[in-house]
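Got some structures for you, see below.
What follows is subunit A paired twice: with subunit B in the first complex and subunit C in the second.
After this line comes the complex of A and B, so read on.
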């Protein structure tokens, strides 16, 4: 088999044993890699119905098909476990050197079972696995841990995925970090922490075999050439943060916990402002010719020296959504999250929930006592120091940080149960995952994509904002086309997340980002790597299969139609100002959208998957368990 | 008649302007605005405007009044006095 080793490494932390599993080529043709393969490994390995923070929840790593090859932006891997935020599948992607090392070590995937009694660092050295004591690494941040491991092993080619203090403290929004990149969102870091797994390191020294190196090189060079041109210019020069002013202008920039869609200080937290005042340099993941990450630094003031890569989704969450118009505080908050190993989006949205809960009088100053402020503090919207302090308190589970570390769904439920309040009405999450930087009240196709998404409130798995924002449909209204659109856009995204390829390359195949522009070239890349005979239809099927295995796992974990919901605020509180004022997604609209979406997917009215559908996708064993 | 053009993102970096007002003839189209911008700010060509000087380079788009994105097939539609056009580059991520 070309492109794959055909081997999955299973590591049992409880027994400190390993075994190798061989997978047939047909299995790879269905699940390919990345999020899809990781989800499938989770399907095969999870203890059904387990607590996400229990030994029965596996850590499933699935490498990318193109990792370690010349294919640009193909150095990525998928990570899946049951999410401690959503109690459904949590699937994430991360990029860069770790995936290349894993490919060179000869593993298509790693499944980590059980839980260790003591803190452990697992070192995969080609085909040898070592369980190393990690007690001396405890408390170190993510970047520090990577450096400490390289120093300890005396080899700067060792690549590590690590957790920081947030993961150690079982913060439910904790990330896994490698090479400065995060497998973020769904709380993988807490799963790793529950197993006392501080780091997974890999050294790979083998070559990577592909079926047709000459064709693969030619195709790859053409894409690299295109990636230096106008199709990626936005990412290279300003990065994703340029969306701050775009979203603000069309009235959809989440502001003060989504109470508003226009932020009066948007210019001060814009990509344009960051470019002029804070940008240090632009960096790239391994195997990437685009280089989108805008490394930005605080130059002066109490947070001087803080520096990290800034993306739009991180930035909106910790700035406008907390009412904070101070880029210094925003960079500091993101830096705390990145070093501590916690998700910036969930952190920011949870802090904004706490700020609103304080401003509405449910929380008082007393609730915010901590070592730094023994008398407590008053976290009004706009207070950058309060935001910084709360990010640290979440990381350390200090004081009210212990509550907030659970995310908005659990934190609001606990407060409401204890105090008889209704703070859940402004807890901005879907299935427990905090919502992204696009207010979906006036993006109605996207609202459906988010509600139905297997991951929860995620902009990466549903690309349904595209037809709304680009004006291909009327974003303010609902019609019969939206079910098919939500299906089409999520499966489009799933192709990229499965190979995986960074979506920023999507215009660089032929100049057009749609299926017709990309799929034929992607088929050629797959074929030159593996020797298979994929065509347009086979590439398209990758997305449907990927989405289906994730949905199937959720169904087996207890998903029902009621879980496809939106935050109360988006359904009952229209925005009051700006270009998107006056809109909500009504209960009737959402139920209608779900109906036409399930129909487009070929599912039942209750959103379950017919047996014949699963069998047609090659998932006979899945059909046996959850098919109807 | 007078129309306003706001620059966001790359177009703002290139022009070093947040907004300009253009006095144009009645019947001027979106494509006509692209031509005028290319003439006034030649550095936009190749960065935001395609080399033909008539078409915006994806993902740069015009938005009319913050409510409606202008599609390729609408570039020859006429503008009205007081229209506010936003030149932006949309794409998600991060």
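After this line comes the complex of A and C, so read on.
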């Protein structure tokens, strides 16, 4: 078998034992890698119905098929566990060296079971596994932890995935970081913290062989070349933050906790402004010829010296969405999140919920007492220092940070139960995961994609904003085509998330990002790597299978139709100004959209998956358990 | 940082252009070993700080210290190209050459336990494959003299037009 070792490493933290599981080639042909394989490993390993922070919830790492080869943007891995935010499947991707080291160490995946008594650092040194004491690493930030481990082990090529203080403190929006990149969403860091796993390190010294290296090199070279042209210009020059002004223009830039879609200070947080005033250098993930990460620094003021990579999805959450038109405070907040190891998006949206809850009089100054401000402070929208302080309080679970560390769904439920309020009406989450930087009130195909998404409020798993924003459909209304469109776009995204390839390469295969443009080249890449004979249809099936295994896991964890919901605000409070004013997704519209989506998927009216459907996808054992 | 004392060509990296993608390491290891393995690459990407990234390989020093350091005379330098050659029959992997190299450009092959060094892909007509593959044109086959010429030109332009040229 080329491209795979055929081996999954199981690590039991409770017993401190390991074992190797062999998987047949047919299994790989169905689940491939990345998010799909991680979800499948989770399906096989999870204690059904477990508390996400209990030992029964496994950590499932699934490598990318192309990691360690020269295939551009293929250096990625998938991470899956039951999410402490959503109580459904949490699946994330992260790029760069870690996946490549894992490939060279000869493991297609790692499943970590149980929980450790003491803080542990697991070191996978080729085929040897070492359980190392991690007590001296506690309290260190993510980047610091990685450096400390390389220093300790005396090898620059050791690559670590780590948690920061947020994960140690079981902050539900904590994430996992490797090489300065994050498996960012759905709270993996809290799962690692619950197992007292501070870091997972890998050293791989073996070479990676592929079935047809000459063909693979030729294909890769052409893609590398195309990736320097106009198809990636947006990412290379300004990075994803170029979206700020675009979203503001169409009136969908989340502003003041999604109360507005136009931000009056958008210019001050734009990609253009950042490039001019804050950008230090553009850097890449390993194996990526695009390089999109805009490393940006605060030059002056109280946050001077803070530096991190700034993405659009981080930026909207901590700036416009908190009413903060100050790039210095925004960079500082993102820096706190990145080093502390917590999701910028959930952190920003939870802070904006706290700000609105304060402005509406539910929270008072008293609620915001902390060591820095013993008398408390008043977190009005737009107060950068309040945002910075709240990000730190969440990381440390200090004061009200202890409440906010649970995310908007749990925090609002707790406040409403204690105080008889209705703060849940502005808790911006779907299935418990905070919503992304696209206000879906006036992106109705995307609204369906988000509501139905297995992961919750996530812009990565559904690409349905694309036809809405490009004007391929009327984004303000619904019609019978949207069910098929939501299916098609989520399965398209799932192909990229499964291989995984970064979606920023999507136009570099032939100049066209659609299936016809990309799938034939992706099939050639798969075949040159593995020696298989995948064609267009086989590539397309990767996406449907990936989405199906994730959905199946959610069903087994108790998903019902009512879980495919939208935030109250998007359904009842239209935007008042800008190019998207006046729109909501009504209850009737959402139920209609769900109906036609389940139908397009070949599911029942209740959104369950028929047995025959699962069997046709090669998932017979899944059909046994949840097929109807 | 010491600089090359060479009149010979070598591969240099512009740290303002390098993004740390490591494609140079992939292609180098493949050309030299038939496998993709950055542990086997003769050019190495270095990420010293979060934004300080560059690649380093043999600088083909004149009177190369690695050649002088080898206690078994396994290393020789081509008088025309400056390329360092390692005689696998003589090398016993003692790593004195590695210690002598100010650039960290020599490594021990983990399989054979012998020293390995960049040969500028001298057997290939296209020249160094890392230079060919570098997506950001950060790598370049050059000589110290050529770099000096460029530095002088840059200085001249800046003095007339200001730092942004």
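Following the convention adopted for this analysis, the second predicted complex is superposed on the first by the 628 of 628 C-alpha atoms of A that agree within 3 Å, B and C clash if a C-alpha of one lies under 4 Å from a C-alpha of the other, contacts with A are read in each partner's own complex, and residues count from 1 in each chain.
Everything that follows uses one rule, which is that contacts are C-beta pairs under 8 Å (C-beta built on N, C-alpha and C of every residue); 3 or more make two chains touch, one makes a residue touch a chain.
Here the structure is a predicted model, which means the values were calculated and not measured.
After alignment on the shared subunit A, the placement of subunit B and subunit C results in a side-by-side fit free of clashes.
In the superposition on chain A, contact is made by A:207 with subunit C only, not with subunit B.
Contacts of A:100 after superposition on the shared chain: subunit C is touched, whereas subunit B is not. In the superposition on chain A, A:427 makes contact with neither subunit B nor subunit C. Set against each other, subunit B and subunit C touch different numbers of residues in subunit A, with B touching more. Put simply, if you stand at the Cα centre of subunit A and look at the Cα centres of subunit B and subunit C, the angle between them is 80 degrees to the nearest 10. In the superposition on chain A, A:283 makes contact with subunit C only, while subunit B stays out of contact range. In the superposition on chain A, A:579 contacts subunit B only, with no contact to subunit C. Using the contact criterion defined above for the overlaid structures, shared-chain residue A:38 touches neither subunit B nor subunit C, since it reaches no partner. With chain A used as the common frame, the shortest Cα distance separating subunit B from subunit C works out to 16 Å. Common to the subunit B and subunit C contact sets on subunit A is no residue at all. Contact residues on subunit B toward subunit A in their complex (touch as defined above): 6, 8-10, 12-13, 46-47, 57-59, 61, 63, 65-71, 86, 88-94. Listing the residues of subunit A that touch subunit B in their complex gives 230-231, 233-235, 237-243, 245-246, 249-251, 271-272, 275, 292, 311-315, 437-438, 459-460, 463, 465-466, 469-472, 503-504, 507, 513, 578-579.
The touching residues of subunit A, when paired with subunit C in their complex, are 68-70, 100, 104, 143, 157, 180, 205-210, 213, 217, 221, 224-225, 227-228, 280-289, 291, 295, 307.
Within the complex formed with subunit A, the subunit C residues making contact are 16, 19-23, 26-27, 29-30, 33-40, 50-51, 53, 110, 133, 135-136.
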